[in-house]
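Can you read through this structure? Questions will come right after.
Labels run A, B, C and D following the written order; every chain starts at residue 1.
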């Protein structure tokens, strides 16, 4: 079960999943990212502020998406991983690869300069 | 400028763009569909009930998506094209190819049986 | 009633929404029907998209001038560009038997409007005139 | 305080949310801290996902039994399956120097929980016991 809100801010595609980003949502979430991250020059921000839980499958989708975006010449960042939700990136050390920002505004700013 | 709401209903991915689905939104909308329609067995419903205008670029994206979904073994339908918004499919006769349903419920029912 | 107004947009697809809002802002208070509004907005969208894509070949730094003339029983919209002209002789209408992902723009404009007319404008460029009759709700 | 409860879900990823809600429904009224709730929910999610993916190999027609024991200063969750067992001898922990798209589940469970313990259950199958201490907000 995956829910997400997609919007466009200053040419940046902001994708905000809602609820748990877990093993039950990971496949659909990955499919949703496939197109946007495959286009050179695209800028994609994942807004996690409405996400209740990210599990290792959610982390895996974000790691793969990050690498695919880089390979395609797209910019990819994550924002809004506040509170416990963000700790999973620290515990897996994937925060070293991923570009994680506290607020959506910070995430947008980082992509504007990208 | 594209906005969309994505949700999952009974295993069907429902993608509801908002505002004009026109030449300015077509590219991003196409990118959003790329993944979901490329997976065999996936069921994708485009809910147009929050769309103010579909232009020929929007029609073009839906025609291409329909064909790509069929080729991939995914089911693809359109719902909520009420009022003027739906007339563009009649004027272009693309309603003969596309699977267009009045309500989201009708669209979901058609995909459940697909 | 008679309203005349002018507007200009840059040759970018993102600006088409502004042009639609500008026209709607003039027609809605005058009692435009939902059908006529949609017809005018769609025809304008297709015409502006064609100027951006074809007349200007995607160059987003150009300018498109719009003029609106609203009368009791007709609306006239002029769209003026300074790009490559539309060549009616090489235009092939869409085959409506086979669904396509392109080629419907000119067909839609012709179907939606009561008059469509193109004239050369300036050194190069085109003045496209779109006329819609009976645009108001019947009282 | 002491609460004990049992629950069962089918071996499908969509049912993990039900298991989380069941546990949260017992712990939240008891004053669980946000951190502890998250730790327990995430560890359970990883454990249940592993049962579904690995113990049952994706077969969605199987059953997973859960038992919950809540005490003043500890929460114990038991997850019982009848599938292929986890083999600690062949388990390779993730290399945290290189980000991966998989292989973090067991690591997360170990980090999040105070005790993790696996025992054979039934003919085949595993009883996984997860213990979390100090799960309530300090008063």
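Methods note: contacts are C-beta pairs under 8 Å (C-beta built on N, C-alpha and C of every residue); 3 or more make two chains touch, one makes a residue touch a chain.
All figures in this text were calculated on a predicted structure; none of them were measured in a lab.
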{"item": "Where chain B and chain D overlap in contact partners, by chain label", "value": "A"}
{"item": "Relative to chain A, chain with the most remote C-alpha centre", "value": "C"}
{"item": "Chain B-chain C separation of Cα centroids, rounded to whole Å", "value": "26"}
{"item": "Chain centre separation in whole Å, for chain C relative to chain A (CA means)", "value": "39"}
{"item": "Touching two or more other chains - residues of chain B", "value": "1"}
{"item": "Residue list for chain D, restricted to those that touch at least two other chains", "value": "none"}
{"item": "Chains touching one another, given as label pairs in label order", "value": "A-B, A-D, B-C"}
{"item": "Contact footprint of chain A on chain B as seen in their complex", "value": "1-8, 13, 28, 30-36, 38-39, 42"}
{"item": "Of all residues in chain B, those that touch chain C in their complex", "value": "1, 20, 22-24, 53, 55-57, 59-61, 63-64, 83-85, 87-88, 91-94, 96-98"}
{"item": "Chain B partner contacts - residues on chain C that touch it in the complex", "value": "13-14, 16-17, 20, 34-35, 38-39, 41-42, 45-46, 49, 52-53, 94, 96-97, 99-105, 107-108, 111-112"}
